[in-house]
Amino acid sequence: MNALADFYARHSQLIDQIGINAVLALSLSVSLQAGQLALAQAAFMGIAAYVSAILTLNYHWPTAATILVAVIAAAVVGAALAYPVRRLRGVFLAIATIGFGEIVRVIANNLGVTGGAEGMSGLPQDANTLAIYASLAVVALVLFLLSRTKFALAVALVREDEHAARGVGVDVGTVRTLSLALGGAIAGLAGALYAHSSAFITPNDFGFERMEQILVWCVIGGVTSPVGAVLGAAGLSVLPELIRFLADYREITNGIILLLVIVFVPGGLASLWRRGPVRVRV
Amino acid sequence: MVAQQLLNGLFLGAVYALFAVGYTLVFGVLDILNLAHAAIFTASAFVAFSLAAAGVPLPLAFLGAAAVGGILGILLDRVAFAPLRRRNAGTLVPLISSIGVAIIIGAVLRGIYGVDEKHFTTGGLDTAPAIHLGPVTFTAVELTIFVAAVALMVVLSWVLRATTLGRRIRAVAADRIAAALLGVDLERTIAATFFIASSLGGAAGVLTGLEYNSVTLDMGSPIELKGLAIIILGGMGSVTGAVIGGFIIGAVETLSIAAGLSEWRDAITFGVMFVILVARPSGLFGKRALRQA
Amino acid sequence: MLTLENVGVRYGGVDALRDVSLVVERGRVLGLIGPNGAGKTTLVNATTGLAPLASGSVRLDDLRIDGLPAHRIARAGVARTYQNIRLFGALDVHANLAAGAFARPQRLHDDEIRSLLERAGIANVDPAAQASSLAYGDQRRLEIARALAAAPSVLMLDEPAAGMNPSETVRLVDTFRAIAASGIAVLLIEHDMTLVRAACDAVVVLNFGEVIARGTPSDVARDPVVVEAYLGTGAEALA
C-alpha cells in the first residue's frame, strides 16, 4: 500500500494529466465518429478554462459552479460554430476550425480580462485526481449510454455516407451540430479541470500545438474508436516518462514512434482488437 | 504611409506566397496537407546559416539550402506518405505521419544547433543602406529577397506550364488514376513534386531568416498556419491562387499593423480566411488545381 | 401515390427537366426509361429533395413534398436506391437495415430483418456480414431491403439491375412485382427492356428532360418517337 501511495505522490501530476488528456481525446472522438474533422477542441478547452478561471478569480464563484458554466459556454460555442461551417467537409472543415482556434487564441492574447499573453495565474488547484477521473468516468458513461441510442446510429450513418443518411431520414445538419456541441462540452470539461489543476493558464496552452496532440492521440488510437482515443491519449502521455532515460533523444523518439505506429498500423490501436465490420447496435 | 505599408506587404507577401505554393502543390497532387512543410522551411534556414558560417557566399548558400529542403521533401514522401499510398489510407493518416516527421526534423535541428537564436554574420545584413523611392523606403536586402522569391515563382510557373515534368505533375493532380493509365510514372512525378514544393518552402525559410537576420527553432510556427489561410484564400491546389493569396495576406498583415491593430493581425488574417471558407470554399481560383498553373 | 406536376429542374442554365408530369400509383410499377442523360436520375433526385425544383410540384398523396429537406421527404415515406450503390459499406447487414428503419419509432425485430431480406430476395445473407463484403448482386438487393425497411409508400429504384447478369435480372421481376403488390408505389428506372416489359404496368419515356411518350411497355416500344430517340443508342434494345 505504501508503494502505491509513493508511486502516486511521485507521479500525481502525470496521472492528472493523463486523465485530462483522456477527456480531451474523447471530445475529439465524438466529432471524428461523425466523420467531422472539426479541430476546434483546443479552442473549446481554452474558452472553458478562461471562463472558469475568470469566474473563480474575479467573481469568487465556487469551483463546481464555474466548471458547470464553463462546460455550457463551450457547448454553446460549439453549437454556434456548427452554423457557419455547415457546408464544409474534410480538409476545409479542418482548416476552418483551426482558423477559429487561432482567432480564439489571439483574442485571449489581447483581452485584459484574460490576462493577455501572460494568462491568468493564482488559480486554486482544487481539481484533484479524484475529480478528474470521476469526470472521465462520467463522460465515458454518457458516451456509452449514447452509443446505445439512435443518435449513435445517426452519427455512424453520417460518417459513412451523408447522402444515403439523408435518404433514410437522418437530419444531417442537426447531427453535425449536436456532435460539435457535445465535443465542445467535453472539451470544455477538460479545460475547466485543467484550469483548476494547473496553477496558471496562458493562451498558448490552447493553440494549434495542443490541437495537434489531441489529433495524434485519436488517430493513433483508431479514428472512430473512443476506447482507442483514451488509450492513445494515455499511452502517448506516458511515453515521454517511459523514455525519460533517453534524455536528449526523447523528442526524436517520440516522432519516430509516432511515424512507426501510423505507417505500420494505420487503423490505429483499435484495429488490433477490432475484427469484422463496425457494429452499431440500436 | 499606405504606400509604404503596401510595399511592406508586397515584400512580406512574396515570401508567404513562396511558402504557400509548396503547400498547395502537395495538396493539389496528393490531396494531403503536409504539416512537415514548416519544419523543412526551418531546416533550410539552418542549413543556409551553416553554409554561410562556413564561408559559402550567400547566393550559393541560399540555393544549396533550398536544394537540401527539396531532398528533405523527397525523403519525407518516402518515409511518411509513400507507404500509406499503397494502402489507400485516406487523408487523415498521412497528416499525422507528416506531424511525426515534423517532430523528428525539429528534434534533429535542436540536437545539432541547440536552442539559441542564430544570425547570419555575413555581408552587413543589418547595415544595409535604405533606398528611397518616392513615398517608400526599403533596403537592398529586402529588394533582393523579393526578387529572389518572385524569380523562383516565375521559374515554377514555367516548369509547370512548359516542361514535360510540369505536364506530368498537372496530369497527376487532375486525375491520378488516369495519369497512371496514360503511362505517367506516378512515384517519380510525386517525388519531383515534393522536391519542388519543399525546395520552395525551404527557400522561403532561408529568405525569412535573411530578412530578420534570425534563425530559430520555432521560426516556422507563425507561417505554418498562415500558409493554410493563404491556400484557402487562393484556392486549394491552385498555384496562381497561392501566389496571389500570399500577397493579399501580406498586405492584410501590414495594413493591420498600419491601422494600429498589430496584435490582432493574426485574428484578422484568420477571420478573412474563415469568411472566404464560408462564403466561397473554393477560394479565388477554386479547384481548378494545377491544370491551369 | 406520388404525383409530379409540371416539374422543372435547372442545372447551371440548362433545363435538366422540363414540364414533367407523372403519377406513380400504389400497388403498381411505373417504368421510367430514356437514353442516357435524359434526366431520369435528376427526376429521382428532385423528388427526394436532393435537387431543387425550378417549377412545378411533387405530392405524396395530399402532402406537398417539394421544397422540404431531403430527410423530411424520406421520413414522409419516400425511399430510394441509387444508381451507384450507396450502402453503409463498413457496417454490417443488420445495421444497414436498422439504418433504413431509422425514421421508424421502434427498433427492428429479428423476424422483421428476416422478412426484409426475403422480400429483397437475399434470405440467405448473414445479417452479421459486412455490407461491402457481399456479392455485387446481393449488395444491390440489400439496398432494396434497406429501402423497404423504412416501410415506405413510394419506392424509387435507380437502375437496380445495372451490372447484373440475365439470370439475376430475371429474379428481380418477381421481387418488384411482390413489392408493388404489398401496396407500395414503385418507380423503376431501367435500361434493360426485358426487365421493364416484364415488371412494369406502365412506362414513361424521357428524353432531353421532357416526357416524349407514355403507355404500356409494348405501346411505347412501338412508338416511332421513342424509337427515334433511342436510335443513337441502339434501337434494337427496344425490340
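The chains carry the letters A, B and C, assigned in the order they are written, with residues numbered from 1 in each.
One rule holds in what follows: a residue touches a chain if its C-beta (ideal position, glycine included) is under 8 Å from a C-beta of that chain, and two chains touch if they have at least 3 such contacts.
Bear in mind the structure is a predicted one, so any value in this text is a computation, not a measurement.
> Treat each pair of touching chains as one step and give the shortest count from chain A to chain C.
Steps on the shortest route: 1.
> I'd like the most central chain, judged by C-alpha centroids against the all-protein C-alpha centroid.
A
> Can you check how far apart chain A and chain C are, centre to centre, with Cα atoms defining each centre and the answer in Å?
Going by mean C-alpha positions, chain A sits 43 Å from chain C.
> For chain B versus chain C, what separation do you get between their C-alpha means, in angstrom?
Taking the average C-alpha coordinate of chain B and of chain C, the gap between them is 50 Å.
> Cα centroid separation between chain A and chain B, in whole Å?
Going by mean C-alpha positions, chain A sits 30 Å from chain B.
> Per the contact definition, I'd like the list of chain A residues that touch chain B in the complex.
Residues in contact with chain B: 37, 84-85, 87-88, 90-92, 94-96, 98-100, 102-103, 106-107, 109-110, 208, 212, 215-216, 219-220, 223, 248-249, 251-252, 254-256, 258-259, 262-263, 266.
> What residues of chain A sit close enough to touch chain C in their complex?
Per the stated touch rule, the residues are 150, 153-154, 156-157, 160-161, 163-172, 276-282.
> Note which residues of chain C are touching chain A in the complex, please.
48-50, 69-72, 74-75, 79-80, 82, 86-92, 95, 98-100, 102-103, 107, 128-131, 133, 146, 150
> Using the touch definition up top, name the residues of chain B that touch chain A in the complex.
27, 31, 33, 35, 79-80, 83-84, 87, 89, 91-93, 95-97, 99-104, 106-108, 110-111, 224-225, 228-229, 232, 236, 263-264, 266-267, 270-271, 273-274, 277-278, 281
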